[in-house]
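What follows is chain A paired twice: with chain B in the first complex and chain C in the second.
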Partner chain A sequence: MTSKLPWRGAVALVLLTAPWLLLLSYGIEQLTQQTQFLSPWLNYPGLAEMIEQTVVVGITVMLVATIVVLSSQPLRSSSGWLVQVIALPHLAFAIGLLWLFAPYGWLWRLVPEAWHSSVFDRQQLLSFIIILLAKEIPFLWLMGQRTLAQMPWRRWLLVGQSLGYSRQRSWWLLVMPELLRRMRLPLMIVLVYSLSVVDVALIAAAQTPPPLAVQVLQWQLDAQPASQQFAAYGALTLLLLAVVAALAVFLQERLIRAVVLPHLGNFALRVPWQALVSVIGLAAAFAIAAQSIAVGWFYPELWPTSWSVERWQQELSQLLPLFVQSAGIAAVVASASLIWVVLLLEWRRRHGVFGLSGWLLLPLLVPQLTLLLAWQELFAAFTSGGLPWRYALALIMVQIPFSAAYVYLILAPLEQRFEQRYLTTMQSFGYGFWRSWWLTKRSLLQQPLLLAWVFAALVSMAQYLPIVLFGGGRWLTLTSELVAVSSGANSQLIAIYAVSQWLLALLFLLVLAWPQQAVEGEQQ
Partner chain B sequence: MSTTQLRLSAAQLQLAGQQVNLPELSLGCGEILAVIGPSGCGKSSWLRWLLGDQQSHMQVNGRIELSGTDISTWPIEQRGIGIVWQDFLLVPHLSVQENLRLALPKALRSQSRQAQQQVIFERLQQVELGDLAQQPVTALSGGQRARIALLRALINEPRLVLLDEPFAALDSQLRQRIRQWTFATLAQTATSAIIVSHDSADFPAGCSQLHWPQGANYD
Partner chain C sequence: MRVWLLGMMLSVQQVYFHAWGGSDEVNQYVRWAQQQLAQQDIELVHVKVADISETVTLLLRENQQQQPSSAVDLLWLNGENFHALKAAGALRGELSQAVANSALLDPTLGWQNDFGIATDDYELPWGVGQFHLFIRNSPTSTSMTPAQFLTLAQSKPGRLSYPKPPEFHGTTFLKLLLLELNQHNAALYQPPQAQQQELLLAPLWAYLDQLHPLLWRGGKEFPVSAAQQQQLLANGVLDNAVSFNPSELFNAQRAQRLPAGIAPLLIGERAITNSHYLAVPKAAANSEGAVKVINFMLSEAAQQRKQAADGWGDTAVIRFQQSANQRDLFPSQPEPHVGWVQLLEQQWLERYQQ
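Right, the complex of A and B next:
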């Protein structure tokens, strides 16, 4: 940092979080005392801690991510590297990070014993928060860049400078209030995800008790009717927390605009983010790759006793079908999501329908577990025959809304700017509508279309809950198997699955190397 | 001049709560109709309605007859009407030749690439733009873009061409030259055209003129 955060700004930041946490603790206590009909569920051991842990994680991630993202340079630089960072499979990344930095991890062994600390440990609140931040900050940077691209912010900065403010101060006073308003949706998505994430929580969060979403899944997977009832209550609580999350984003925005921004002066976070994120990402990848071929890597040794690919060879017969299956499911889901969003966007153009964004983004604004549990009831009759293709179809269908939401986030702003008269012109030459679309819009929007497809595939590839709840045990993916093996103690096996997941993500990223045709300057 | 190519029954436009009544219009083969009116009065939207692209912010009712056939409900691709936009809208990542190839009439699209190139080259030669065939359209000057845009519309052999403020993006000197070239080319190909502009200097001498009906609040 080049300048210190003025003290008034720091006080405001503390004030931002405190009321929420106090209100929540008080609310849970009151609720447990007064609501009798829910008493078996409300008296479940550790419920209040689970909810508190969930909310602390959500609010902390939102707050820290907001501060880091909005006050740092990547927001105003090119987005090429960010796409690659976001493409990192977050489970594999989490495993790599824990193996590097957690106690008894690889880099931990380099630290003198006197400095050893267990702040960043496996299955601990802080580690969970840090891993979520590492995942969400690049996503918010990318969303911020795309939002900025739609604002004449450089001209606003010039106006500010012509009025005598510094460039940085003009940024806080003129650009940031509008940017914050436009970033509501991505911030809500981050908050809701942090409240309800299960797969990362299983690996990184404390489990005694676990975050609420993890417990809800455990209740749901328990065949007892009472547990399933608990799961329903838990899912509704997650939904309620998502509503509160929306309010939290509004409140945060108002407070930042009213109290923080006027006092930020020339403050800016000047951290070499690109280098930092790239180094950590590469280190995590290298660490799990090394672990996947390490034999006898005991503490406190810096290197294993030997290297061998024997375990890879043993696992190959299991891994290959999983790799192909994961890639296949992701490719089908991504293609269906892309087609679905393109159809909806053209339908919106033709009929001038508004409010499409709300419906398409809803799956990201509602806790995934809540939605999936509701859909499970809907699909129960369809999958009851036990036929594998029915499970596959259900699995693909329930993933489409989540991938489609990301496709929409990436594609919609560019599609909206697209000059639709290109299509009209092609139609005047005698081509049908979709042929005209293919000849002009597809080629002019090729890069965003490819990026949206890749994102959709990566989102699908990383899905855990749909596989567990809809795969019926017949359809597994690298992600579901990675979570399964992570509960064991065989670190080499865990690393092998994590590396495989990473390789699959890289495979999808290669699609982006497709030759670029679009000349964006010619679009409206 | 010749047989009636286009006949428009009295059309009604609903725009921002205002109603505009247009008189009955007819246009012979190779004739040009000039439509003049202030900016924002709905001329361009009306032109797009003729093309078959009904705009959601404006309701237009009326009957369009082209070569004696009622095409009011036909989709854009079946009408045989071409358009040249004010900003030309050449496909930016393609060359001049590729832009023109996209616009070849259906009968030519099934022919060999060589035959297509021959037609395109001949048409470019006719208007003395043969040396531009391989150029990316982004490398063209404003005047060259204007000419390629008109050529692209004409190479499709439409029954009617709509010109939506086609000279507005050009500077005054170039504007005069391109104007003359455009009307000479239209006359050469005997193509009927409707040209919309807010500047009466854009119209050729002696053409039919429609002054956009007054009475509506154009703001």
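Right, the complex of A and C next:
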């Protein structure tokens, strides 16, 4: 790896840019095909409201999440519980929360009638926002913790205090501006996710009209030429909204720095967020688990007619192969993503690559369906009627950009601070580059490497559209089955698949318990 | 996919069958078919999708790119999805020649037209659907006029709803009201003419303007699908749901998915009746295997099993030779002309989604 063969750079460059060139050509093809649909599209019933809802959701989630995350305790207390809430898959989380708290739901049945309110109801914008916040805030906490870990913020606080400011005031004035700046990317990712999420929006958000992303998917699935064209315009609008979202994050940051922070003084938000979020997450999981073994559970009963694991037993022969397959795909995608990002990071150290973060994070900033359809043509030729391994390869390839983005997000900041001279020292002892890398960097960065791998696996196992569009039915996962059964009315079956998906996520989390032993093993 | 490696070695033919995976009863039936077909060395792989239009989008894209070979061998569809694939020339034709058991099909069931478009042998029927409502604490009658339904809505404000058009159950609800409110006017079975459109649609919109404020969420929000509405019925949020399967209510109550005290209800005297079908993509990699599967699905054993009350309960489409047909169908109501569908969906959105 010490040689400077140009082909390696060329391959990396092609792999980095090809997905986007495909997107560009697809976009041009879609938008220039037929323009007579533009005016009917602009007059589509409810279009303005769809866009408005999407913007309201994005902005509200961004603002509230920023305020809660940056001003709360969990940011400064590092703990492992965050990851467990993050691991709970979005769809299962949303189903669980609605089943618990929405009108006629489980907890709602316990509350006296005078207290009944429909603030948190199905198909309502506010519920959608609340669910997104409950799910995204732990992710931002985790990102915030990782960011803080790279800042000498304790020293800054001491400096502030030595200048006569209180600890809290120093936090606002010295630490927060820098933290905000470094949190731009995670915030953008959360914002774009809120704009483009479909599965959660379908059950939680208003549907008359729906958020734009839901409508884009519905247009996409309607075979009429006009609908296809509407979908292209809609996807482009989502893309524009994503760009605006990026600007909004900058704007918010400037506003907070200029207007809010100087006036906060000794203000501190004292809400037991950690407890609150853990309780909500666990309650959602528990509610789903209860439903998976409940038979005949109708309003207004507090308990089902009977509890039974019979349905689980019947489904086991289906679940086990899916479990193995999902785990396998996720593990391969996560490993490939990790290797890919590590290679790129080393490449950047050596040659300095401009805009690497941009290329790698772009998949999180573009609506997924648009991207996948742009890539579809390339892979269709390869998989067409082929053997299952071709589909597997296509499936894994298209998932890597999404997982690699998270790997980069977790790994890059820490890698940047790594003293590469440890590695050079090793090399001077005669070890090869990658041998030295393994002995120094891998063992010193083991924790973030594992976390990145786990995140990549979690992202992969939650993917639905890649499985449908690229798996050709040869490869199915718990998530693809969960989405399929979720289109039906059998809540027990839906719960069984949701719980299985969650169990798989927990299995991946066990990997995080591994580092200590591994490091010791290395030292022997 | 589980045994593809083994399959390749033993030359078992996989047939990739894309079908909606939301119904437990259907999924269990497909599992039964898988076991039966295994005896013919066919491995039927049920690719469960949330919406068959996902598969249709994929097939249309493959067709547009002229992919020589498709990942899909067989699919379960009807209505607009069939229309799109047929129009694109993406389906294998002359199916009945390849499927011997198609001779058993009962021609009186009206499956030759799929939502107003001739099937032309590009798909073969698999079962029959009849649109009806489920209603909680229903009055004793099994059918209601639209006016009686409005009175019912007044007596339980916020407790009734229907799936949001253009979801096909929702659209069917509109078609039914359109027919009933116009006393089955003959013009509704013809392509819509400009001067009649307004005249015939006016009673429907007037009716819905009255009905919507009495519905769930004041008619500002609707369930996204029939399945979701059934969940709302089970959870006590709503007092009605809609279905195309005459056995579904019985099944759901037996499996304790819906409580007792819910009964089927027709609006008008007859139920809008249509079929659901099996089709083979023109580029299917295993077209012959798919045809064998259809042949099995139309066999007496498979159709009888499908109709069995303790299973899926889906009405048979063949004439049984060895036993009497046990069809417990509602009187059937033909569909209005397909031209009205787009008008209904378009104008509904313009009126109620602005």
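Here is the rule we go by: the second predicted complex is superposed on the first by the 451 of 524 C-alpha atoms of A that agree within 3 Å, B and C clash if a C-alpha of one lies under 4 Å from a C-alpha of the other, contacts with A are read in each partner's own complex, and residues count from 1 in each chain.
In the analysis below, a residue touches a chain if its C-beta (ideal position, glycine included) is under 8 Å from a C-beta of that chain, and two chains touch if they have at least 3 such contacts.
Source: prediction; values computed, not measured.
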item	value
Which of chain B and chain C A:G355 touches, first, second, both or neither	neither
Which of chain B and chain C A:T440 touches, first, second, both or neither	first
First (chain B), second (chain C), both or neither touched by A:M426	first
Partner chain in contact with A:L469 - chain B first, chain C second, else both or neither	second
Partner with the higher number of touched chain A residues, chain C or chain B	C
Partner chain in contact with A:P112 - chain B first, chain C second, else both or neither	neither
Interface residues of chain A shared between complexes with chain B and chain C	none
Interface residues, chain C side, partner chain A - complex	1-2, 4, 8, 16, 18, 20-24, 45, 47-51, 53-54, 56-58, 60-62, 65, 67-72, 80-81, 83-85, 88, 164, 166, 217, 220-222, 224-228, 230-232, 234-237, 252, 255-259, 283, 285, 349-350, 352-354
Interfacial residue positions of chain A with respect to chain C in the complex	44-46, 49, 103-105, 122-124, 202-203, 206-209, 220-224, 295-296, 298-300, 305, 321, 325, 373, 376-377, 380-381, 383-388, 391, 468-469, 472-476, 480-481, 483-493
Complex contacts: residues of chain A adjacent to chain B	351-352, 419, 421-422, 424-433, 436, 439-440, 443-444, 517-519, 521-522
Interfacial residue positions of chain B with respect to chain A in the complex	48, 51-53, 56, 75-83, 85, 89, 91-93, 102-103, 105-106, 138, 153, 156, 158
